[in-house]
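Going by the order they are written in, the chains are A, B and C; count residues from 1 in each one.
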């Protein structure tokens, strides 16, 4: 199903000017696409929206690798829904439109957006009123003398919640199948701190042949999106994947940093289901 | 010394909203009712005399604040502290927590579609949210709720001040529902359910469980603010 | 907007005494004389209405303060002890210190991902933590540890009593150096070095004697990160 991605996203068709930086996440972008085109949210033309979504995030990788995973995750969800829509429905499936969960999320997110705008207005109103600027220091009872109610259980609970910060943010992608979008994430991640990576390195730890195919397709797609280029010095030699810098950017700066430290390709994806996240 | 003078002095010296009960601690002779009466008296006095400040009702309490009309004059001063504004992601995250508390990080991330760890830490450090419990699931995830400071920051009297989901003009909802079936009433459908049946003009239908919990009893007694 | 209203608003919101000249900057239409005149007007108004506050002339300028007669009420108000709880960030910081002590602010901030200066101050004021030594690195950073009072309050016999079950996050169970992968030895991995000599149960190394060192001026800004 992932092959459809490359075919269907014809560059000019239904072109929408979208500045990806304006959006706070994939749902925000999706909401924008639906609202601006006056689309019925209960009957989303999923193929069209998917194409537009992919087109909109095309430029994102180079500038904001950090946020890319979230957008790509949504892209994967859209592609999956699109595929499900094409499948003949069995009797058990019939009660749930493949788009239903997405619709719920969109409606809820829209509501949250509206509330956050209200909050923003309330914040602005409050900011126009000032409290007393100065109060002479008064003899206060030392904090240490006021009774403390916190218990050791609470401290211990907090201890259990301490998380070591992740060395780098990991993209969470649901690895249902070997999807091209997963491979796109893998490649972009690998190129986060280095300018080039060997194709073979991206396959380390993956047994199935399909991984190679999908990684290659992902490489081609990213090449098409002008995020990278592929280089092979002679036939059957190692295929190198190079990050394409923005035209104006100084390549030299980043060049040294990476050379040695290609992040282990297997680091991603993290199984999101394991964290109890609902499946899209 | 009149009751309203004492109340005024306490309000004047406080650096955060105080409840009537708290104010009453200033003197044995005062009780909550007297404090509230004194506040009504002071409000009228300030209005009559056209004071540049007024008594605002915030976070279930009272606080003297300048009237908004004077903001342009005050904003010019370095000596006047201005609270910093929250970012879009921070506001959205707060909105989710305000309506759905208590809830965990995973749920918040699902609603926004993006990671929330950084924003949550920031909001916690600004004391706008706090850990209010732990969930049942794997690893007993930490659950967040809004705080007293949250109400103060937005100048809200209570969580009831937030609009109910049905009251919000939500564009998408105007459309016809997707299907006859009950949308999955799982923990993640604050707006979804409400939206399925009710057009913007209608009265809210019988209140849906999760949507109504939009205003859960906030567990924040005035006296028990988090330290710091 | 009257001149005296503007002057009142400025005096109310300013965090320090202001001279007539400074107050006049609130509006182009104001000059020093008008400000002085407005202040005389306000003083008379406050006297007539028997307000609980007044405009005091302090060496550097003018300031609104509560009248001294009301001091007893404010004092009483302050002294009604209210039990309080530690906030989520405070609990988390305390937990990190309890398990990893002695350690410095930089490391705490690294684990928590946000500034810790305010929380550390709170815990110090509560006498739950204290400065117990200084690290080796650049600037010999202050190291924190828990206090006797910490043990007493939480009913622990000793630091060896701290439960260390499997579920405890590795970062608290093991004393691997903290910091980004490339350990910038000077700043970030001091916990590792110090820990070599002192397990949680031991006395902390080189205890700082004077109380001065024990309570460093809280760098309120230093550690805080901008809101997200």
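To be clear about the criterion, a contact is a pair of C-beta atoms (placed from the backbone, for glycine too) under 8 Å apart; a residue touches a chain by one contact, two chains touch by 3 or more.
Keep in mind that what you see is a predicted model, and the values were worked out from it rather than measured.
Undergrad: Suppose every chain is reduced to the average of its Cα atoms; which one is closest to the average of all protein Cα atoms?
TA: B
Undergrad: So which one's got more C-beta contacts, A-C or A-B?
TA: A-B
Undergrad: Just give me the whole-number Å value for how far the CA centre of subunit B lies from that of subunit C.
TA: Centres of subunit B and subunit C (C-alpha means) sit 24 Å apart.
Undergrad: Taking the mean of the CA coordinates per chain, how far is subunit A from subunit C in Å?
TA: 37
Undergrad: Would you kindly tell me how far, in whole Å, the mean C-alpha position of subunit B lies from that of subunit A?
TA: 31
Undergrad: Could you list which residues of subunit C touch at least two other chains?
TA: 9, 12-16, 74, 82-86, 88, 91, 112-113, 122, 126, in rising order.
Undergrad: Give me the residues of subunit A that touch two or more other chains.
TA: In subunit A, the residues touching two or more other chains are 130-133, 138, 143, 148-149, 157-158, 160-161, 163.
Undergrad: Would you mind writing out the residues of subunit A in touch with subunit C in their complex?
TA: The touching residues are 130-134, 136, 138-152, 154-165, 167.
Undergrad: What residues of subunit C sit close enough to touch subunit B in their complex?
TA: Touching subunit B: residues 1-2, 5-6, 8-10, 12-16, 18, 25-27, 45, 49-53, 66-67, 69-70, 73-74, 76-77, 80, 82-91, 112-115, 118-119, 121-122, 126, 224-228 of subunit C.
Undergrad: Mind pulling up the subunit B residues that touch subunit A in the complex?
TA: 12-15, 56, 63-68, 70-71, 74, 79-83, 85-86, 88-89, 91-92, 94-96, 98-99, 106, 109-115, 117, 131, 134, 137-138, 140-142, 153-156, 162-163, 165, 168-173, 175-179, 181, 183-184, 186, 188-192, 195, 224, 227
Undergrad: Which of the residues in subunit A come into contact with subunit B in the complex?
TA: Interface residues on subunit A, with respect to subunit B: 24-28, 31, 34-35, 40-43, 67, 70, 74, 95-97, 99-101, 103-116, 118-120, 122-133, 135, 138, 143, 148-149, 157-158, 160-161, 163, 169, 275-278.
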